Amino acid sequence: MLELRLRKRLKNFDLNLALSAPKGITALFGPSGAGKSMTLACVAGLAQPDAGRIVLNGEVLFDADRNINRSPQRRWVGYVMQDYLLFPHMTVAQNIAFGLTRRSRAEKKDIVADALRRIGLAGFERRLPAELSGGQQQRVALARTLVTNPRMLLLDEPFSALDESTRARLHRDVLRLRAELDIPILFVTHNLAEAYRLADNIAVLEAGHLLQFGPPETVIYHPTSRTIAKLTGGSNFFKGRVVAHSPAETVLQVGQVQLVAPPAPVRAEAVVGLSIRAERVMLIRKDGPGGRRENQVQGHIVNELTDGFNYTLFLRLDDGRRLQKGGYDLEIKLPAYVYERLGIAHEKRWAVTIKRRAIHIF
Amino acid sequence: MAAFEWSPLWLSLRVALLATALVLAAGIPLAWLLARRNFPGKDVLGAVVSLPLVLPPTVLGYYLLILLGNQSVLGRWLNRVGFPLVFTWRGAAVAAAVASFPLLFETARAAFESIDPRLEAIARTLGRPNLFIFWRITLPLAWRGILAGLALTFARALGDFGATLMVAGNIPGRTQTMSLYIYDLVQANRQNQANQVVLIMTIVAVSMLLTARLARRAVK
Amino acid sequence: GPTQTPAADDGVLLVAAASDLQFAFTEIGEKFEQETGQKTQFIFGSTGNLTTQVENGAPYDLLAAANVGYIDRLNKNGLIISDTRQMYAQGHLVLAVNRRAGVQAVQLEDLLDPAVTRIAIANPAHAPYGLAAQEALQSAGLWEALQPKLVLGENVRQTLQFVQTGDVPVGLVALSVADAPEITCTLVPTALHRPLNQAVAIITGTPHETTARAFIEFVNSSAGREIMKRYGFLLPGEF
Amino acid sequence: MAAFEWSPLWLSLRVALLATALVLAAGIPLAWLLARRNFPGKDVLGAVVSLPLVLPPTVLGYYLLILLGNQSVLGRWLNRVGFPLVFTWRGAAVAAAVASFPLLFETARAAFESIDPRLEAIARTLGRPNLFIFWRITLPLAWRGILAGLALTFARALGDFGATLMVAGNIPGRTQTMSLYIYDLVQANRQNQANQVVLIMTIVAVSMLLTARLARRAVK
Amino acid sequence: MLELRLRKRLKNFDLNLALSAPKGITALFGPSGAGKSMTLACVAGLAQPDAGRIVLNGEVLFDADRNINRSPQRRWVGYVMQDYLLFPHMTVAQNIAFGLTRRSRAEKKDIVADALRRIGLAGFERRLPAELSGGQQQRVALARTLVTNPRMLLLDEPFSALDESTRARLHRDVLRLRAELDIPILFVTHNLAEAYRLADNIAVLEAGHLLQFGPPETVIYHPTSRTIAKLTGGSNFFKGRVVAHSPAETVLQVGQVQLVAPPAPVRAEAVVGLSIRAERVMLIRKDGPGGRRENQVQGHIVNELTDGFNYTLFLRLDDGRRLQKGGYDLEIKLPAYVYERLGIAHEKRWAVTIKRRAIHIF
């Protein structure tokens, strides 16, 4: 369990954060420059907060009030920095063995060989960091930290330079570690899928503040602010007026459309923000069962994009039923095979239904 | 032409090696301290230890003689414990060390300051004690600068004249280093012999500097 | 002949002089200026260095050497005005003892005393007084025995400094520089070494030849001789 | 006690500044060349230029005197073009420059070698000519090392005795630098005055070194 | 148009590559350590190939045979390195302005301010690189190169340290650049979606060799080798025996199942490799229209994973119809809302159909 409360003046804002990370993986998520790395540096003891307190498993690592500031050595925190920072004058094997104490030469050799095998770099023992590719360096930095059996792990975008299959292998390793070691792991990532897959909790940071903390599902499906919704891949942001609300549902007037949304703690007539998850807007098959669906609207596709696996469609609703002014009203995301099966390439007019679960109010 | 005198050469090498060792032992920690720690008066200290370079060596030697000779408490104590410095080759080494101290000190400090402190920081998170980190990270990364400083120190110690002369006397066979010998030959108008000795000194120095260079290349 | 460097000629007479003249010439210079209004500037150094510098074009007006040999060396190459070459003094070797050293040494044999741990002499290889000291010790039959005790100074002044600081109890130096409160001196019999003949000459090409001649004259004048004598030099006619 | 003689101090500063400038002009390009280019004999050249340090300064001065004096072709030519070096303050600067050349050279070379060559490489892909890159990337990144070398060079030039003595003479008011003046005072048994001058020299040197230090801090 | 032929001895393999990248974006894709960065370094002139030839728009940049090796300055190639390499002693503004020649001070200032605005770092002019976060540094490196108007762009994982929304903004910038500048852009990425979205062509590298080159659709849907299929997110790799083949279809015996696959240049009885794209395996709705589907098999779900947006199901086929030995036979990927709609959480027995288009033979 890591308890963290810190304040630190930075150039463009103040880092001001309180966070309790239980054992297991906590993903730090946030835009570039939010203060993720700085937070890790404070925990590792490489940067000093101006005020606050850092407690790991009941041991005080830092306390500005009581003037406690343990040296990095006595924090037993494993830290993989964003830019790896391998020791440039040491071979890969020497780098990895650096933190291995009280081990015989043979033991060290075994541990290093084992670590290298695990990161897919068996046989690279005698290379210098300058002779490695970016992704190889990143993996060595990871191995160097993992072999020290720390009481806590700080991983700063540890897989950013890796291809999918290497990354998947290391994901499995991290999950195994979590199970075996039972320590708090802080994990910075920009990859929401990665955060979701690995993390027990996600902490969303912006401009030095903690915006939300909770299990991945909560953060993704119940973002507490527009910023978080944006960060977690939300789209379709609107302003709406509360027409009615009950413990069962909220009815919103968005542009010229009334939408039924999940219940939310709002006042009548209040203007609220909402987002509609693009992958939760459903096209209605013409050959499907008839009958009006929830929040059904009608329009035509004005633009589409694909990344090979998914299509993003931009739907403009029929006049009189517009959600907003502008070129399009709704962004819709669907898998490529659905696109093909529905023949969207040839048919641009569609009715869609916005499931109430797709709507987040904040 | 007289047979070549080898003893000044050996003596010079011995003196220069001891001086370099002394400078190394004192200069590296001090350079590190001034590069990495903050304390009041740090800059003044840094400037003061560079002073031996500014004083004419003979004058430096004169002060050293007064400091280490039997007029001073230190000198008398050294005498009593049977480790006199003045007029011994060890004294020559001490004089040469003082004279060349700034060379290593300054270059080592610059080298330490050039190291990315995050490398030392990350080493600390790996749980190693500071001394270990100094040995395995800081020193090797500052190696180029330190080696340059060492080469300078050694060369300067080998060539020291003024300070050595005052502190160690110019006792042939005992404290007459190569430098003093060359000086004597030139003064005595024995140019040819002087040239010959300078040549040998040059060869020795060049080959030592070359060796250091190649060693540096090899570890890189 | 040597070309005079076109340094700003301020009319000051540049006198290159051996180290043992340090004190005597400084006083003579002051007197000379008082009498003639002519400024002098002394460059004291080892005669060897000064000679080499003259050979390479030093802008000195005259050279007062500690050993006539150097003047002769310059003369051979036409670097001095031959007719100005003359002896002006003879140096005297003394046995200088540090008062606080706790040793009694009034004659060379006393140097054998084990209490005399070290003996400073100027470097016989190039310093005239060093050579004289070596000859004196050889004549006395002590050279071999005293060899291990010797400490060599660069010149007489430095040799004396060794004694002054007390690190060397005894030294053989020039009488002309030995007047220091820490020191007691005993003359070494001149018969024990070849004479320390000091010669002076004017450098070829000097623009101050007349003044230089006047200076040499002044050294040899009664006023000059008086000063030189006071600093322990023997003067022409006395040796 | 005699009034303090300021002229040696000014002269010393002038000599040291000119010497430092000369060393800078010659040492930086050479150091860069040896750090970044490969050519046969490079290591030998590197060792040879470090030689001035190994020779006793007086002997170095002796050779310089012979090289630059009117016995040599070079010396006579210098004389003819009205730019004689021997027995002028410029000569003192040249002597001090030669004597302290290795200090800047070695430290600058080490500093250049410590720079990540990829920084220069990426600068080249940005289309800038090599000289521009040298000025804007290489030099500033080697700054610490070069400043250390400069401080050493300046101090050494300020304190040079042997070489200056031989090449420039010890002519009061014209070529008598601080170092030579101090030596003279000690020789003339005027200890008190010598101490006083040493003190002033020390203050000057320390404050100059301190200024350099603070300047370095500021640009950082 | 960049034409590239190079050979370079590396520590563990030889880079040996021939490639023609037309104008537009070519994504370099490949596992960590494949030689992507080294290829870019050779093109930029920062590394020297042992042999080969590099020609840009008809101008020879390098030719080992003719001893031509243009200096980096005279290649006019913009290169953003994997580890940014900002000039540490210069401010952000100075870094960006470094490559701006023949411009007045005011012009430079404008260009820098404009570039900073575009990368979302307006106001960061006077920062030093050490005072920037990783993603901020990466963006400055990008801006530093882009302002020089190069004749070719080499971007080495230029967005790896960025969050999705910053990344999306820069994607738009890159696409605009492509349209405006009409130059070849080599773009290294580990993100297949990114490659697909941005690239006109994908070049797949492995161990220094070019495995495949072509438009994204071709590389993803018609990988020429198992390696490529793996790299491009393929799964379900099997060996099969050709039972029959015609211009219309290929019939394969895979384990105990016969599968109908698209036509392929194979011989009867040959043993071939195949992969089945996980997102192209369809669960058959129990309430859907009846009738046997193509390659229909039956099994139950033994394991499932989710990243919040998609579910991966591991299906074990019924005995007697197994595709392979082991715990499961088929990996199936479907969107979270499909998972929910089908009620997979409560129903583990499913029939699935493997569309023949989902099968790749190599």
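Letters A, B, C, D and E mark the chains in the order given here, with residues in each chain numbered from 1 onward.
Keep this in mind: a residue touches a chain if its C-beta (ideal position, glycine included) is under 8 Å from a C-beta of that chain, and two chains touch if they have at least 3 such contacts.
Just so we're clear, the structure is a prediction, and the values are computed from it rather than from any experiment.
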- Note on the structure: Moving step by step through touching chains, the smallest count that connects chain C to chain E is 2
- If you tally C-beta contacts across A-B and across C-D, the winner is C-D
- Query: From the C-alpha centre of chain B to that of chain E, how far is it in Å?
  - Reply: 59
- Taking each chain's mean CA coordinate, chain C and chain D are separated, in whole Å, by 34
- Quick one: report the Å distance separating chain D from chain E, using the average Cα coordinate of each chain. 57
- Task: At least two other chains touched by the same residue of chain C: list those residues.
- Result: 49, 158, 161
- Query: So which bits of chain A are touching at least two other chains?
  - Reply: none
- Task: Enumerate the residues of chain D that touch no fewer than two other chains.
- Result: 58, 62, 186
- Query: Viewed as a graph of touching chains, is the assembly arranged as a line, ring, star, complete set, or other?
  - Reply: other
- Note on the structure: Which chains touch? The pairs are A-B, A-E, B-C, B-D, C-D, D-E
- Write out the stretch or stretches of chain C touching chain D in their complex. 2-3, 5-8, 12, 14, 19, 22-23, 26, 41, 43-45, 49, 52-53, 55-60, 157-158, 161, 164, 180
- Given the complex, residues on chain A that touch chain B span 44-46, 71-73, 75-79, 81, 85, 87-90, 98-99, 101, 144-145, 148
- Task: Enumerate the contact residues on chain C facing chain B in the complex.
- Result: 46, 48-49, 73, 118, 120, 123, 125-127, 150-154, 158, 161-162, 165-168
- For the complex, which residues does chain B have touching chain A? 116, 118-119, 121-130, 136-137, 140-141, 143
- Item | Of chain D, residues touching chain B in the complex | 43-44, 46-48, 50-51, 53-59, 62-63, 102-103, 106-107, 109-111, 113-114, 144-145, 147-149, 151-152, 155-156, 158-162, 179-180, 182-183, 186, 194, 198, 201-202, 205-207, 209-210, 213-214
